Amino acid sequence: MTIRATMGALLLAGTALCAPATWAQEVQRGGTLNFTAPYGSSVGTLDVTASAEVQTEIVAHAMHRSLYKWNPETGKPEPDLFTDVTVSDDGLVYTYKLRTDAVFHNDKPFTADDVIYSYNRIATPATASPSANFISRIQGFDDVQGGSATEMSGLKKIDDHTLEITFTASQDPGFDLMQNYVPIYPSNVEGDTQATQPVGLGPFRFVEHVPGSRVSFERFDGFFGENDQPYLDRLNILIMGEAAARDVAFRNQEIDVSVLGSQQYQEYQADPALSEGLLEVAELFTRVVGFDTTRPPFDDKRVRQAVNYGIDKDLIIDRLVKGKAFPAVGFMPTTSPAFDPDAQGYAYDPEKAKALLEEAGHADGIDLPVIANQNESWGAPIVEAIIPMLDKANIRVSVEPVENAVLEDRITGGNFTAFIWSLSSGPDPLNILRCFYSKTAQSACNYTNFSNPEVDRLYEAAQQERDEAKRNDLIRQADGIIREEAPYWFFNYNKAVMAYQPWVHGLRGNPQELAIQDYDKIWIDDTAPADRKPQ
Amino acid sequence: MGRYILRRLLQMIPTLLAVAALIFLIFSVLPGSFAGTMTGGGRRALSPELVAQINAQFGLDKPLPVRFWDYLVRLVQFDLGTSFRTREPVVDLIAARIWPSLQLALSAMALAVTVGIPLGFLAAMRPGSLLDSITMIFAVSGLSMPQFWLGLLLMYVFALQLGWLPSFGYGGGQLRNLILPAIALGFAPLALLARTTRAGVLEVMGSDHIRTAMAKGASPSQMIRWHVLRNVMVLIVTTMGLQIGSLLGQALVIEKLFSWPGLGSLMVDSVAIRDIPVVQGTILVIVLWFLVINVLVDVIYAAIDPRISLR
Amino acid sequence: MSGPLLDIRGLTIGIPNRNGPPVQIVRDLSFDIMPGEIFGLVGESGSGKSASALALMGLNRRPLTTLKGQAFYGGQDLLAMSRRSMRKLRGNRISMIFQEPMTALNPLARIGSQIAEMFVLHRGLSWSDARPKAVEALAAVQVPDPEGRARAYPHQLSGGLRQRVMIAMAMACRPDLLIADEPTTALDVTVQAEVLRLIRELCEREGTAVLLISHDLGVIAQMCQRVGVMANGRLLELRDAKALFTDPRHPYTQGLLAALPRLGSRAVEGRHRLADLDMAIDRDAPDFAKTYLRPRGEAA
Amino acid sequence: MRLPFRFNLTLGLALVTLVILGAVFAPLLTPHDPILDADLMNSEMAPSWDHWFGTDSQGRDVFARVLYGARVSLTIGIVAQAINSTIGIALGLSAGYWGGWWDDTVNGLTNLMLAIPSLVFALAIMAVLGPGVVSLLIALGLTNWSWSCRITRSAVMSLKSQGYVQAARTLGYGDIRIMLTQLLPNIVGPVLVMATLGIGEAVLAEAALSFLGLGIRPPAPSWGNMLTDAREAIRSVPWATIFPGLAVFVTVLGFNLLGDGVRDWLDPRMQVRA
């Protein structure tokens, strides 16, 4: 059987993605939305520059804005806090015309100083900000990190609303600077207070954080958005890590949206009422089992291919993941611009797996210990399912369940034979290809210690290529080699699913992370429960 | 009595220090690191420089004995350190969680007391009877279910099927939100109390002075009021105290399940992301609570039983 | 003195057995007690004395059950009475004191209120009215500083004082019959005599009859007008005390008396010695009691 | 109405026996392998003649997993409690018998262990050791001995002044011999009751730790991880949670009733009441 990622899947995702937005219904203003933050039972800090947690990002996106913003429909960054940009010929100097109508929640007008302040704050080693990676291409970053400067030389204020940024590489800075993790903070507020009393220039103003329970916001009247957005008067982000509890709460109409796991996806699809309110999107995540390609017997390509042939991933996706994933062909996901629609993935062929293994000199079989966390769609349960399958191909799989903290430490530290994980595979394909570049450290993201001269050559070429189509072509070629080399068992591309109540409108399928929604575009109609509906 | 309490409070200090040392020791050999969790679950790569920065910021680059000494020095100044994750003082994080935690623990206990003790009495009135067995099996069944399982069942029945109560969350700390988690948490202490009460009543009822009371011509209700209740309380108070004392620590599963913002869920989360100062702080607070309750129990004990004097 | 105060006929106590005849602890016990009389019931431990006494009060605990028999008191059968009317008699008309004064009192209640309870239960007094009466009752049993002792808890009192408290409690409502089940066994030898004397005096004054249960022949001899000897659940001999001690008829009684070493040839000598001893403590003891004194310390 | 037999004891014994028999004879009771008989094509099938308790999301037979899970859960419960009891008795006996500084040390240790909630302690140990049966045995076996220790110690304190112990000492018996032959038999009763209850607690603790993600290693079946894995499917695949849930319930209830029953039985006062 050939796995062919059809454009159909893409289109399907596309329509679902637009469905709620295209309802031709008069927008209603006001009301309260009960959104959920599903990735854990608390939000650590409200200062998103001190965090790498999606939970914090979900909260931060309500009140902060970054220089660029992500457009889920085009899959590209677009201007948010600036209206115009000119790029120098070498592609290193960007001159931004900043918005003049943006105001912070504390009434301070937005100026170039705020951008300079915010980026320098992130770059300062004292803050140890995990967001630093995103601004590391700004000139002078290394000097600030090294302590020889306190401000990055690449940030230059021309006037209040003109900002010049010099980068050290010619890559599009939009992908980095659109991140919610590099928000623009007001320069007249002490950075430390952002953790408890956040001030931004986003559509909602912070009201209250009940740790472990919820974060509440109210409409910020001064927001610069079009159509006098946001529509909602109030926004509650309820912290609900336990999926079973979220399920009950959603059915009970206590929450307006819920992110679904595969079990609930299946149940909600089967329910005539609930199936009406499902938003699906192909997310830019690739789920894989990664091998340490320097460690025998997995230093042999044939052994890695044998694993790929030995697993019936369609069956696992169909039965265990319950259709909440797209079978993976290679590393680049279907929604990536570098995805190759003609490529063929590994088909399920246990005989071929056995043959490859014998060819590699392992007729009596091999052991495959996999470290895994508890995640239902890219953790121990998946490994459990491949145990009987690979058993037939003479590969003895075992699971070592570990906590997330340990999993991540061991993967970045190279302390594994194989691991199962979900890896970001977007939105910038070039940035993703970097993870297969032999000069990228294992701890950075070349987890499998992948090294292939041809891929290195293609990556270096793509880096220099300014034309987007040609660049994507190079990346596509590299993805083909990676598929053949199989440093991973390519499992699936995530299908994220969000359930929403019938009165909720304006959700968009964000393939970066479905749970990150543009709250300013969401509105609810008056069929909502009395305590939340617009007056 | 004031002096007694003061002395008992002072006696806690070595225990607390020992707990602190033990926790420090356990978590110093814990695999996984906070910096490791900053990848956001495969979403981004961390440069080694950043990992070093993060570790330096929290003093994790120093040798273990130095860290332990720093920890102790801060501890004796009532400084529990700074959370890696939120970069706020641990004391503040705990302060925000302590009231919900107490609310949950105390209401669970209130439930256990108001239902468990009468049940125990009921069972003890006819020992060996069908009523006794049914009552005790009901009570013991509370001890026989995994907490999260009981919580889930309650959620499904009372929130989803009947729609009487909200299924989750703290709300503003209203009673409505409190009921289900309190039942889920309180069922086990309820069972223990019912059991202790039954045993206590049977023991008191079998004692000589109850025979005296009967010989005096007291009716059963007079006998219970004048001679049983107080004596049984002496036996129950210990169980109650132990339960109240340990409920904060037992609540972690329930708090996670019901998204209840208590100390338990804070602790579990912090263990998961290796936010060690918070873990240490919450455990210390949970232990402190247990110790304080113990002193309180002893004081109450002395108030009920004239044979015990506080020395 | 017209007729007995309490007339027990054919009292049989045992443990019912589903699959056969019940195990009998006391068999066919019959005796009577005259008003104001001190009646002694003597026998080894396990002979059924205490079970019989508790049966009269309706206080035997399962599985011990009164299988048959009657106990007439004022024309009513105690054993067939309703619980409620039995409760009215208990403590009020028939009261009881127990062997172990350490545990017979509620350790958590003040002495005063434990005595006052009697007046609340049977005289319908309020607690505040009952308390002074309790102090009076303590005074009546010659407890020093009755006011203070009323506020004390049992563990703050000595054994002898506690038994006095029990007596005060039992005598509070001036009962017709006092059942004293081994009242002095747990006490010091020197305290024993005082307590016995107290019982005797109070009962004489109030005209209360006493059913004195003891395994101690000396105590019985010192106190009782008539004595029943029990062994193995049966009443073997029921005689006038003087007659019993001088001329035991049943071989068991004979054996019992013979087992007391100083009742043989050297008995008279011992008796005198003890009489002297006892006289030193209790100069007003009635003659008959002195006659049958036996050396103390033989209680076993 | 009085029941004709010791109800708690009988019921408890029956339930515990049932579970133990199920665990011991698991291979005879089901033809299915709990791990390798996984057929995703047959996943989430309702109970049928082939699969009495249905199948789980991996297509494994729930009945087989409940039976084999009994082995894991019972092993954890019994062995962990055995470790607890052994530590508790050893410390309690020696502390009560020798007294002095050793007693003070043990007392301090006991208070320390009591003060840290055992689940919290177990969680910490599991986090250090990582999931697995051995880790669970250590985590649950080292955290719950304070009660056995306290009970043993106080019993020994009151026993050691008694005549027969004194006699043994004058006969020149060694301390260890006195503890094992004279004291131990007299404290077995209450410690046994504690242990019975402790087994139930350990079974529950395993479930709680599984819920928190720190149970045993999959794919080995334990009731805790069966419950945890299937909890989201409680409405569509109820058999995957109800049966392991019932298994936990029956087992813990059984051990609790057994403990209560044994206590009543050892303490006849509890039975004979007005």
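Going in written order, the chains are labelled A, B, C and D, and every chain counts its residues from 1.
The definition used in the following text is that a contact is a pair of C-beta atoms (placed from the backbone, for glycine too) under 8 Å apart; a residue touches a chain by one contact, two chains touch by 3 or more.
Keep in mind that this is a model prediction, so the values were computed, not measured.
J.: Weigh A-B against A-D on C-beta contact pairs and write down the one with more.
T.: A-B
J.: Kindly work out which chain lies most centrally, taking the average of its C-alpha atoms as its position.
T.: Ranked by how close its C-alpha centre lies to the overall one, first comes B.
J.: Approximately how many whole Å separate the CA-defined centres of chain A and chain B?
T.: Their C-alpha centroids are separated by 38 Å.
J.: What is the distance in Å between the mean C-alpha positions of chain A and chain D?
T.: The answer is 44 Å.
J.: So the centre of each chain is just the mean of its C-alpha atoms; given that, what is the distance between chain A and chain C in Å?
T.: 90
J.: Roughly how many whole angstrom separate the Cα centroids of chain C and chain D?
T.: For chain C versus chain D, the centre distance works out to 52 Å.
J.: Mind pulling the residue numbers of chain B that touch at least two other chains?
T.: 31, 152, 156, 214, 256, 268, 272
J.: Mark out which residues of chain C touch at least two other chains, giving numbers and ranges.
T.: Answer for chain C, listing residues that touch two or more other chains: 59.
J.: Chain D: which residues touch two or more other chains?
T.: 127, 130, 213, 231, 234-235, 272-274
J.: Under the stated contact criterion, what part of chain B meets chain D in this complex?
T.: So the residues of chain B in touch with chain D come to 14-15, 18-19, 22-23, 26-27, 29-31, 126-131, 133, 136-137, 140-141, 143-149, 152, 156, 195, 199, 202-203, 205-206, 214, 246, 248-250, 252-253, 256, 267-268, 271-272, 279, 283, 286-287, 290-291.
J.: Give every residue of chain C touching chain B within the complex, in rising order.
T.: Touch list, chain C to chain B: 57, 59, 87-92, 95-96, 98, 100, 103-109, 117-118, 121-122, 153, 155, 166, 169.
J.: For chain A, which residues are in contact with chain B within the complex?
T.: 40-42, 44-45, 47, 50-54, 125-126, 128, 130, 132-133, 136, 145, 192, 195-196, 210-214, 238-242, 244-246, 248-249, 251-252, 254, 285, 402-409, 412-413, 421-424, 435, 441, 443-445
J.: Which bits of chain B are touching chain C when the two form their complex?
T.: So the residues of chain B in touch with chain C come to 207-209, 211-219, 222, 226-227, 230-231, 234, 304-307.
J.: Mind pulling up the chain D residues that touch chain A in the complex?
T.: 35-41, 43-44, 57-59, 127, 130-131, 213-214, 217-219, 229, 231-236
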